[in-house]
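One structure coming up, written as structure tokens, with questions to follow.
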């Protein structure tokens, strides 16, 4: 705890935009966004359906489109059925079920504008409904076109992060290291990384006395090389644990016992999209490994003409002994 | 009025792009843009129909599309009717009205490219018109596709602003506070806010004499934390009313009696659109509440693992007593 | 000419990207780009057809699409005619011309996927061709959809520039002024303007002797307020003609006799497109008016609640007498 | 080799993002990206199919779409064939092959939503499959629309680079020169270029001893004018070989014998796309020509009103004698 007291002398960041009193994880790795829920107001107001459709997994998105298609046809089939199948020329009538399937397929042929014409509307009501359905069908596919384009043109960084942060030997001391690697055939350039630490510390009054409450404070972590021209191989982010680092003097146990979260924020330029892309990730105490270093994850090919990046090795590390570090003065 | 005289010593901004002589509201909250009308020239020149379609409310947009669809079909129905229904094979002819509905539905079936084929064009004229109509139909839906995509891919900030600006206690003095909160499932990062004050003051000659006219001058308002890394919770903008503030020495009455407008301009990066989004808002004198402070609008969830942002509370505040402030020296 | 000699002491710009030996206009107002032609290589290499389609006027674009539609149908009609109309069931055969129109309309019905079915392909060849034509039709409309969207979503500044640059009284001296105004319902913010002067001067050797040749040199022109927060009214760009200005000491005749071009470059953020937009314009000697000032082009509305921008007045100015200026020392 | 030793005193760049041990070309001119392969993990994970479709040559892209179209129809034709052609009304049945072609064409008419109706589904199974096929058809063309738009709206620089880097006379010494030129009707402004040199040098220990291994080090090359306002003519990039240049003291033989690569990175603003575009290129030792200078590739047109850029001349140079340079002190 004495260790945490020195945090009072470190400049904390006030502009992270996170609250200070939560004790859960701030960042939700799965959704890549802040771990914040919303309540109050209309649910339709709280969700941008476009953002929702864009964030959905592909197979769910396709299934949802198909269900909407079936649902719309069921509704229109119902309407045609109520109008009466005698207003649809060419229907092979039979049992109620058979009749309903006939109008359902007629509806689908109208909605998709296939319009074979074996079944066709006769009379005002059926014709009017099919006129509207064909219009609706084309608009629906206009929306679907937009969604598809929105989904696959959405600029994404396609970066994998290592599962763990390692405390590795670095120059004469130690450093905190994590690694990222592009995993698709996109070209990222002018990449830039920021590391921020959220640490739960004692809340203190201006006179230095503890209030007995724990609050979260945020600290910027310096990075050796925080900008890189081209991000085509793996990139190891190095935060040297020197006397300017909040981790200075921490032992393995100190880290295990701290409630902390390290946020990674990467910004890069995607040369295919010609757009800025961002990626975020975070690590908590239990994801920090003391005394380990990453194995290089790329190697020249056989004839030594190009580099091969081995994506399987993103989490590959070996345990190493760290140099002795003097305990921090408390 | 003595109070307003000290404005002469404050540096005003010349680059706001607003005129100085209006006495209405500069900013139109509803449209989110400057309260400026345009006249002169052709109306088609003055409107970008794409901007107009993008800004329209969804139900109006859909209704407009439907009306255009009906209108186009009425026009083509008229043309087919003039050509003569005998050039449309399969028409169930009858009364003039019935004949017209038949050609109307044929037109719709052509425009949407359903083409059931119960009715089909025979002869040169009817065939030529339907050839053109089908072409027009596909182009129309191409345009509609573009409009739909333009509408829902349009980068927007989705930010709610508090209805009021509060004058709250802050440190040893007071501050002007307003609040914003994201209300949808979008991720905003690197947000930045600017506050500008438009104040109606006496116009003075270079020698310091008043011209007796009132003009608008613009002042930048300093913000304690004007940039924030992630805008996932609410963000309270704090302008401390110290001796650098234009409001220094103002009493509640001074504020009520001033003709002023406070502009908020927010710029952020939307991580889904990978684009910069902006939001604007403004407050006038009657929207400033003296002696109140915002209630926190987020709280941890039951098991303390995530923050819950309660959108209903954006305008929630409680009245508080402000510390005594020495009257400004006039 | 003595006047031009002082240009030797002004710092010229080397990075305009224009050549120095042309004597025509550098900037083409109509196309809004540099007045440069290209030769050599394949014409298909020299043109980006997408840029070409985007830059085309609307009525030409629509006409071109229609002509392509007719052309494709003529080609396919020819193919079906060669295959033989007996492979198209339902054709009302007659004269060669009538037969050709029948296959032409069948082609159109296939290309647009209307497919009424009165005429339908029978046999391998006709069916195969129509299978391909329908595929081609859908791809064509996919491309058309992209072009339409590309055209109307293309970020443009929608700015009008005054036809003339005025030499107006300004503070105790004179200034060069030009004016721009947004003319559509778009919202521009954070606008920034640069003025560059291209002046034909004597080419000199390092020892100061003239080579007798005239070359173009480029000079940056300082602007009083070169950035503006919101561009919702007209914006007058003011270049004070003081001793730092290349125009210092110029008389009306000096301006008339100079071969010069003033480039305007405006960059702004369009809040609807959420994108940077740019506009360019240029003025030559004969477009500079000596002794005139712009009339204000906006006024409050009747009830003084909003500003009205009168687009007709963009070129409205009145002649004024300029203050006496001491002739420059040569 | 003595020459290479002086590289120890030059500040090398650590943030290029390239590995240091490869001996092949770092940059792949054909793909315009780093010469890096990927291995490990799922192939579907390694490729962004959208980036792949966007990068494909046009004729391959179209052919691929057509093959997918044929393939899908073959699959559905197989399904209809299994269901039985008696469930398709209007089929002209005959041999197995003829029957299969009939269902194949029916499938195509459904997938493209032409739906002539000569052949139409009867009964539950055939109708259900065609209902699904029409849905799939429309989605496929929605995806195709997105791909087409993605392909032609993809911001590209359209820049040609000279095949060679020249060592030319420059002022009193020599300079390394390369040239780029826009070749399409796009407008590039605010262009900026960076040159980086990758040089294979001896790896040295901190005490200055060689390890006997060769590693790649990266050096920034200064450019005389690295930013340009408008890139409408050719742009010659000039790196003066003075005492700050890594090439200082190099002879023609030194260059031939070095293993090096010069990277060019250009960033510009495309005024049609209103977007930033980038271009990359690289040169290796054998592409450097000693003692040559570029011929100007533009000239005024006949009536001297505009500049003509002759794209054929991008690689046009003449051999020249370089001034004597004192050998570098080793």
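Note that the chains take the letters A, B, C and D in the order they are written out, and that residue 1 is the start of every chain.
Assume a contact is a pair of C-beta atoms (placed from the backbone, for glycine too) under 8 Å apart; a residue touches a chain by one contact, two chains touch by 3 or more.
Note that the structure is a prediction, hence the values are computed from the model and not measured.
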item	value
Farthest chain (mean CA position) relative to subunit C	A
Type of subunit A:subunit D copy interface by residue overlap (half), same or different	different
Euclidean distance of C-alpha centroids - subunit A vs subunit C, Å	40
Length of the line joining the C-alpha centres of subunit C and subunit D, rounded to whole Å	28
Numbers and ranges of subunit B residues touching at least 2 other chains	109, 113-117, 145, 149, 273, 275
Residues on subunit C engaged by subunit A in the complex (per definition of touch)	113, 115-117, 145
Subunit C to subunit D touching residues, read off their complex	13-19, 21-25, 28, 32-41, 45-48, 50-52, 54-55, 89, 109-110, 113-117, 119-122, 124, 127-128, 130-131, 134-135, 137-139, 142-143, 145-146, 149-150, 154-155, 196, 265, 273, 275-278, 280
For the subunit B and subunit A complex, residues of the former touching the latter	62, 65-66, 69, 73, 92, 101, 104-105, 108-109, 112-118, 141, 144-145, 148-149, 152-153, 158, 183-187, 189, 191, 225, 227-233, 235, 269, 271-275, 298, 300-301, 303-313
